[in-house]
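Notes follow the structure.
Which chain is which? They are A, B, C and D, in the order written, and residues in each are numbered from 1.
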Amino acid sequence: MLDKIGIAKRIAQELNDGWYVNLGIGIPTLVANYVPKGLNVEFQSENGILGMGAFPYEGEEDADYINAGKQTVTILPGGSIFDSATSFAMIRGQHIQMTVLGAMEVAENGDIANWKIPGKMVKGMGGAMDLVASADNIIVAMMHTNKRGKSKLLKRCSLPLTGVACVRRIVTNMAVLDIKDGAFVLVERAPGVSVEEIQNATEGKLVVEGEVPEMKL
Amino acid sequence: MLDKIGIAKRIAQELNDGWYVNLGIGIPTLVANYVPKGLNVEFQSENGILGMGAFPYEGEEDADYINAGKQTVTILPGGSIFDSATSFAMIRGQHIQMTVLGAMEVAENGDIANWKIPGKMVKGMGGAMDLVASADNIIVAMMHTNKRGKSKLLKRCSLPLTGVACVRRIVTNMAVLDIKDGAFVLVERAPGVSVEEIQNATEGKLVVEGEVPEMKL
Amino acid sequence: MNKIVNTATEATKGIQDGMTIMLGGFGLCGIPENCIAELVKMCVKDLTCISNNAGVDDFGLGLLLQKKQIRKMISSYVGENDEFERQMLSGELEVDLIPQGSLASRCQAGGAGVPAFYTPAGFGTEVAHGKEVRYFNGKPHILESALTADFAIVKAWKGDRYGNLVYKGTARNFNPLMAMAGKITIAEVEEIVEPGELDPNFVHTPGIFIQRIFQGDTFEKRIEQRTVRQKES
Amino acid sequence: MNKIVNTATEATKGIQDGMTIMLGGFGLCGIPENCIAELVKMCVKDLTCISNNAGVDDFGLGLLLQKKQIRKMISSYVGENDEFERQMLSGELEVDLIPQGSLASRCQAGGAGVPAFYTPAGFGTEVAHGKEVRYFNGKPHILESALTADFAIVKAWKGDRYGNLVYKGTARNFNPLMAMAGKITIAEVEEIVEPGELDPNFVHTPGIFIQRIFQGDTFEKRIEQRTVRQKES
């Protein structure tokens, strides 16, 4: 079973040299810390940064330099700043090679819900709807089940959707799964997690083909 | 009868303090030379300048600073440079208070034709179609008749249109005329030109109301 | 051209109950704090505010929400404001949540005289309700319309009397887009400079989009999430 | 990231007969002269070129027209090129003339993933033939579609190995828009600078839009209309 850092580390293995990547708030943000050595990857923050760097040193934080999570950040040499329309031109125009975001629910057809619980919680979709509607390579980072132990990989999303049939891959604390032909295809197991445990924690249709390898972190 | 400079001078009287103005190629360009003293007016060139200044001094011309007529120009303090999309955002978004352009034909309903003679001459519309489709205050600067003495103020345009029912005012070598209710309304006569002469040079419907004053230049 | 006014009071003259106001900023970054404080003082109400976020409870647009001066919010993300969520869930506040990229492009379209455009964002979601769907290259898109405002209020770093603006860092965000979309656009800046001091090649917002500009009295520039690392010794 | 290639030959690798190429520039200002010279050398033909103008007879895209390498031009104004007019009127060259603002916005839309938008430009004219007309606020608009290209070629003043670009003066024009709309975008620059030398706040084209960048050998930067005034003595 992985912790959040494990999920981030596994997602970092998806990166390729020269890619531009948008990381959502939460677990996705952690991915930036585990870029494999030798890979050049640029992180985009949809509020208007390309080439986002580490947090500033204490005392050097500047209110005018934040990321989409409203955290103070720095910008790397070779980075750039732009307005929100240009930022979403990058996203909508498919100039970003990989998008990682969290989810409350994912359905077996690739639907995703992550912005609203009717009557209870409404934070807004932020840039998520633009991201999932545009990108080919959408990776969801989330726990396999919710706090009450219920599966978050469903036949159908019960919550209002963020996007339709858009998720390509899901990395959870238990497994790596791809969306293919209306099912979750099991790609890898988290260390020490059995296929049966994953099956039990997955409400939607799970496809298991042959021997499923364990992740290497 | 006015010459080209006279037409430009008369159009310059249309300017108001604080206006942003787009001047087309030809006679309209001359208007910049006759801005009434005390008026602050900024000239936009649709290739991406606001605050266009005079021609550069000899030896100081720079190929990277041209206007929409491809002439070398300078930029004034307080000016700015932008891309073509932003430039036409200014135009389409009605941030420009006055547009002056030339025409081959104007019709009594305000139609204008100035970009093409089928089978003979095709220069293209450049920015003219965007300008006339967007602005409220379109002023046409042209000779009243063409080289063969035929009226350019017509019942209907014979050439392919640049824009429909968009011209507000026309300043020619003979007169100032407004488009109103499907007719050319005579506003002013050029010095020494009679109403009858204007009538004879105007093919479209001409409305003459009361005494028509002579221009003051 | 001289668009300089002396105070936020002068700058916001004419803003009335029931108007639609755009306000730049992302989170608390690049928000027009001086004008927001002025709007609180003016007690203007029934506002429709177009802004990516709604501030926090006690800063930014949160100040107007506290005083119930806002009738309707058009935003993309409001997760940082408890009072906002309370007013929305109770039905006191009308809310139109729209995807962030659509919000940005709708403001830009409003300023650019483009009345509507197609975007893939929001297809198949609540956002698409009542909107035209059309397929381009086999992919579904929805028709989104331009946004404009009676007043747009933006915050910039430096500006001159022509209204030319430059922004600093990510305080740029929605500001240049909203600057284009106001019938009247007000810019509050940290510093007014002489014409010519801003390099024409690197002006972010050409002055044509700005009607009034003033130097703000104070800028608190509150940080929402102060994240830092330690210097290695 | 290192997107630097050494020569125009390397930069234009992969450009083939029949492709659609966008080329920045307005008149002869800000055109990618080195790549155009290379395209002539390559003898690549049947090109569809999207460019605001078509150069003059013996410079810019005129060079490709002379060699009949262009099958179709998409432009807004071609008045400076006699050979162009001849080929067009004789029917040798297919030409799609579109309003300049629509051209700019269509390239921008192509780069921004907006497949179509409404504009008032061209309503009631030849440009509107076959296009959907829709009224917004009582005013007629036509639906214009996005433009993209197999290759976009832009010319900038300075750039770094990340592909970040800055333009000088009105040589900016269509370049930043077309830079966004190429499947592969090539930037030729007067000077390659080290990362960090370009102030991130004042980058015109963020590097994400650029796939290849090189320093041009020579820039003639020919002036089309040399207009000057005399110094008063």
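Going forward, contacts are C-beta pairs under 8 Å (C-beta built on N, C-alpha and C of every residue); 3 or more make two chains touch, one makes a residue touch a chain.
In this text, all values refer to a predicted model and were calculated from it rather than measured experimentally.
Among the pairs B-D and A-D, the greater number of C-beta contacts is found at B-D. Most remote from chain C, judged by the distance between CA-atom centroids, is B.
The distance from the centre of chain B to the centre of chain D, with each centre set as the mean of the Cα atoms, comes to 28 Å. Taking each chain's centre as the average of its CA atoms, chain A and chain D sit 36 Å apart. Taking each chain's centre as the mean of its C-alpha atoms, chain A lies 55 Å from chain B. In whole angstrom, the spacing between the mean C-alpha positions of chain C and chain D is 32.
Across the assembly, chain C contributes 105, 108, 112-114, 119-120, 168-169, 172, 201 as residues in contact with two or more other chains.
Touching two or more other chains at once are residues 75, 81-82, 85, 88, 91-92, 134 of chain A.
Viewed as a network of touching protein chains, the structure does not reduce to a path, ring, star or complete graph.
Checking each pair of chains for touch leaves A-C, A-D, B-C, B-D, C-D.
Those residues of chain C that touch chain B in the shared complex are 1-2, 108, 110-114, 160-162, 164, 180, 194-196, 198, 200-201, 203, 206-209.
Considering their complex, residues 18, 20, 40, 42, 44, 50-51, 75, 77-82, 85-86, 88-96, 134 of chain A touch chain D. Taken in their complex, chain A has these residues touching chain C: 45-49, 54-73, 75, 81-85, 87-88, 91-92, 111, 116, 119-130, 133-134, 160-164.
On the side of chain C, the complex with chain A involves touching residues 26-30, 52, 75-80, 85, 88-89, 95, 97-105, 107-108, 119-127, 157, 168-177, 204, 221-231. Taken in their complex, chain D has these residues touching chain C: 105, 109, 112-120, 134, 136-137, 139, 141, 145, 166-169, 172, 201-202.
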